[in-house]
Every structure is written in structure tokens, then in C-alpha cells.
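All chains are identified by letter, namely A, B and C, in their written order; residue positions are counted from 1 within each chain.
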Amino acid sequence: MLQPDSTEEFKRVIETALLAAPAPLPVSELRRLFEDDPGAELVRNTLFELVNDWQGRGAELVQTAGGWRFQTRLEYQVYLDRLKQERPPKYSRAVLETLAIIAYRQPVTRGDIEDIRGVVVSTNVLKALESRGWVDVVGYRDTPGRPGLYATTRKFLEDLGLRSLTELPPLTEIERIMDLVDLPKTEEPAVQS
Amino acid sequence: MSAVADVAAPAGLPESVVGRMYGEPIFDLPKDLYIPPDALEVILEAFEGPLDLLLYLIRKANINVLDIPMVPLTAQYLEYVEAMRHHNLELAADYLLMAATLLEIKSRMLLPRPPRADDAEELDPRAELVRRLLEYEQMKRAAARLDQLPRVERDFEWVGVFVAEKVVERQPTVTLHDLQLAWLKIARQSRLKRNHTIQREELSVREHMTLILRKLSDDTFVVFETLFDHTLGPAGLVVSFLATLELVKERLVVVTQNEAFAPIYVKRADAAAGFD
Amino acid sequence: MLQPDSTEEFKRVIETALLAAPAPLPVSELRRLFEDDPGAELVRNTLFELVNDWQGRGAELVQTAGGWRFQTRLEYQVYLDRLKQERPPKYSRAVLETLAIIAYRQPVTRGDIEDIRGVVVSTNVLKALESRGWVDVVGYRDTPGRPGLYATTRKFLEDLGLRSLTELPPLTEIERIMDLVDLPKTEEPAVQS
């Protein structure tokens, strides 16, 4: 079989090449599939037919800068994502602790957060939480510099499946356990109340 | 790839081709074992070793492998080896070792077999050689058949469609447990926990502090009563009131009343000065 | 769209995952595509349907060692070859015979291979097979020098379209002859009947 013996077969060859290609194929490459050059127009018409044939399928034939390629439709990403081995990225300890402080102590200024954490809070940390839509500035403290007061948003509650802040895990119990178990590990001997 | 006479010769070559010289197939080893100097090297390369050469000689002479006539076979093999030596080809040690083995078997075959005391079956000196020949032939055929199996990149390709993904950043997930752990780390680090043990009630007050600040976002005075959502019930109202007091205490809001029983107004402390 | 709302859509999801997968997908993986596990049987039946759907196309759905995968049909290789920059490697008889011995007699040491072939096995031969990902060392024989034991990999099976080693071409023909001889495969001189 050196030349396809029907237009249907001609289309199959192009389709198959596109399905197996590791990179987009320009029309010029697709013409090279055949012993006798079918010409650009025939190839292009066949590509348009294939675009139609794949309507309603999970993949679509698209034209990119590098040429034509099959790619999965965006609607299927939600399924394909489930096969991914990689876990979603994790926030750094700084981000999580800042979030915890804002959640439990709101409204707080950046200075408050720094006082509690004992280290400078980088702008990126607050930006990450703001751009996620989990915290925002709800006012300004009337002190020199008028620092912004951070609080958690409704989106934060929704994303964590909470109806209200009171549903945040209570800390007292665990802190009590920590006092019992973890005390020897602290740097300074803590004062028991 | 060199081709050799073989039942399962690789596709595209007649079975009788033993090698190629200057691109032309060689179909036969010369009967008299005279080998043209140029051909010898080609033929040597065509065989994978002494077992391969022996198999060729056996198959070519149509000899039953189970009953090899050792004398002519050894003679043929030696002539071949001699020819190679004559042409100063560097003979692999494997070929010489096989020559010695053949000679040894041949001599054992020629010796009269000593009568055995018992009725034990006789040892055939060729048995080990036959076993090796058959095992090699088996693997040689298996190799040819493996080569004929459809193989990726030679006979077919994997289908691999590009996976389109929305260019959304994969957002980290945070669980309540993460938050709890984060707080505990903070607590462990500082002595905060002694002073700032968070109670549920306090949290509820803090939530309402945030809600009130959001209501005051217009920078204008708001009537005190409107800060309270009556649907929250008595407990909610108390919490809202406590939140307002806490906001005042933390100097986050300003509460004004011009005279007794006049409307109470609340304003964010940082708001632009209104009427004062 | 979290769960497909029709059996047709269910099939499309599986088809799309298989078209896009960089490696064979076992049924267990395909079940993970869906929020609610559809169970193995439904997935398997859908796979058989897909095999039928793709009859007469340029690619086919096949089952290999690692699971299910789409591959192009052999008849189309003549076209696809025209786009290739370089020919796939042709293996020498030394490489193929070594591969056969490892495949049929695994696990084997280099010494075992040399015994069967009657010649020294060059390092390049084993390197060629290892770099193709077809064989690897799976252990060491507890003899002097602790020689490595070679075995074939799953990639070997996949690349040759085999589901398991039992699908290797059978050796029966020659084994029948060997049975006639009934030669023990030991080092001791064999006994003729």
C-alpha cells in the first residue's frame, strides 16, 4: 500500500499521522506522507473534514503556530487531572502560619502577624493569600502608618467548607495536649498557668 | 545485520543467502571449501560463532543432528578454520576451542568402547555437543521470530494526543488540619499560647469584628443599631455588641453620641474626619 | 461536569484518556477517571466497545503488558516512516540472540548467554538492550564475582505488543526435537537411550 486508494483512506492516513505525531504537523509535512504529493489544498480540505469528524469527541483537531495537532478538549481536563500522580503544590509554612493568625486573630495588621510569628512577614506571603481571595484588608488601624487590617473572606470559609469562623478547629484542646507532651521540646521552659 | 542461511531467516532475504559481498548476496559456501580471500571475511562475519558455523555445515549437508558423523564434520570444520588461518584472519578463541572439542569427540568415537561391568547405557560422546547445538539453534530461531514481532517505532507508533490544559495555576490546597498545625507551630515557637488561647466565644467576637468593619467600609457614620442583625438572635446580638466594644477598645472604630438618647453613630477610626 | 451524564459520554472520557496517555492505562487507572468508581466490568465493557469503534481506523486500541493503549496500525507505518528523520535501529544477530536468550531463559547471567551462544558477549550488545530499556539487571547470582542476572522489562513487552512473557512466540517446534533426544541440560555427559 503505497498510495491510499480512496479519499477515505487518504483522510485516515492524515488522521493517523496526527494522532501519533509528537509535535504539531504543518501542511507541508503532511504532504510528505504520500509518495506522490497531493498538494496543499487537498491536505487542507481533508484537515477541515477531520475537524468536523471530531466534533463531539473528547479530542479536537486544532491549528497551532507549529501546525495541526490533536488535543484533548478542556472539558475533559477534570477527568484527566484525576490520573495525575503529582499532588497539588503546598503552601509554605510562612503562608500557612500567616493564614492561621489572620483566621484566628482577625482583624490583624501585618505588624501583629510579625509580632506573633517573631519574624518579618514578606509581602509575597500576604499577596499569595490576597490573590487567592482568602484574606483582604477590611480597614486601617488608626496608628502611625495606618496599617491595613487583614481578615478572612467569605471565599476562605467556602473553600474550607466552613459556615462560620466558629467552625475553625478549636485550639484549646490540642494546646493542652501539646503542653503535656511537647513541653520538653521547647527552647525556653514555658510557664505553666 | 548479516544474514545467514537459516530456516527463520530475517524477512527480505532468501534462506540460502549466507552473506553479502560488495552488496551482492552470497548464496553458497563453495563446495570444495575454497574461499576467495575477499569472501572469507564476509563469511566469518556472517556467523555468530562456532556453533553457528557448525549448524550451518550440518544443515547444509542435510545431516541428522541427532546422529552427527563426526569424521567428515570435523574435517570440514577444520578445513574452514585452516582457511581462515591461511588468510591470517584473527581467529576468535571460540573457534579454536570448538576445533579442540570436535577432535576430542571424534577420537572418543573411534576408540573401542570398554565393555561395562553393568548394563548401564552407553555414553555418547556427542551428546553434550548435540545439546548445545540444539539449544543454540532454538535461541537463534527465537531471535529471528522476536525480530519479526511488530515493534514500536519500526512497525507502529504509540498514539499520543496533546493534553490541553487551562492555564490556571494549580492552587495549593489547605485543610483545616493544616491551619491547626500551623497555629500549633506558632504556639510552640512563642509563649503566645499562654496569653492568646483562642476560645470559641472569642473567635465568634472576632468574626463579628470583621463583619462590622466590612459594614463600615464606606468611611461614613453608620447608625449604631444598624450594625446589629436581629436574625442572629439574642446570643448573636450580644456577640455583635461585644465585637463593637472590642473594636472600640482596639481603637478601630469611633463611637459618637451628641447628647443623651440621641442616635449613636459608629465610624471607622481611620475614616476621614466627618462632623466633629 | 464531574460525572459523565450518559454512557456515550462515559465512553468518550475513557477514549480521551487513552488517546492522551503517555503510557498504557490499566483498568484500575481508568476507574480513577471518575469521581464515583464505575467498577471494573463497566470499564472493561466500554474498552471492548472502543476496540470495535476503532475498527477500520488508522489506530487501534490494544492491550499490552501495562494496560490499554492506542497504537497505529501496521499498514500505516509505510506512510509514517516518510516523516521520520532517522530509521529505527536494526539490531544485529548478536543483539537479537542475546535478547532471545534473556527473554526465554531469564534471569540469566552474561556467562549463561555466552554458554548458549558459544561466543563472548560484548558489552556493547548488553548496553544496546539496556539503553533501549528492554532488559535490566534484576539481581546477582551468588557465585564468585556475583554476576548480574538479566531479565526483560515491562517496556520490552509493551514495545513488542505483548501482554506477558507467555505470549512470546512458543519454542515448541525445537523443543519437540529436543524431547526426542531427551538430553539432560546438565554439564554431565548425557546418557543415550
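Details
Everything that follows uses one rule, which is that a residue touches a chain if its C-beta (ideal position, glycine included) is under 8 Å from a C-beta of that chain, and two chains touch if they have at least 3 such contacts.
These are the chains along with the protein names UniProt gives them: A, C = Segregation and condensation protein B.
Just so you know, these numbers come straight off a predicted model, no measurement behind them.
Taking each chain's centre as the mean of its C-alpha atoms, the one that lies farthest from the centre of subunit C is A.
In this view the innermost chain, defined by its CA centroid being closest to the centroid of all protein CA atoms, is B.
Rounded to whole angstrom units, the spacing between the C-alpha centres of subunit B and subunit C is 13.
Centre-to-centre spacing of subunit A and subunit C amounts to 36 Å, using the average Cα coordinate of each chain. Averaging C-alpha coordinates per chain places the centre of subunit A 26 Å away from that of subunit B. Each of the following residues of subunit B touches two or more other chains: 157-163. Residues of subunit A found to touch two or more other chains are 19-20, 59, 70, 72-73, 80. The touching residues of subunit A, when paired with subunit C in their complex, are 1-2, 12-13, 15-17, 19-21, 25, 29, 32-35, 57-59, 70, 72-73, 75-76, 78-80, 82-83. The touching residues of subunit B, when paired with subunit A in their complex, are 157-166, 170-194, 196-200, 203-204, 206-207, 209-210, 213-214, 216-217, 250-252, 268-270. Of all the residues in subunit B, the ones that touch subunit C in their complex are 1-2, 4, 48-52, 65-66, 92, 94, 98, 120-125, 127-128, 130-132, 134-147, 149-163. Interface residues of subunit A, counted against subunit B in their complex, comprise 19-20, 22, 59, 69-74, 77, 80, 88-91, 93, 96-97, 99-101, 103-107, 116-118, 132, 138-143, 146, 149, 151-152, 159-160, 162, 164-166, 168-172, 174-175, 178-179, 182, 185-186, 188, 190-191, 193.
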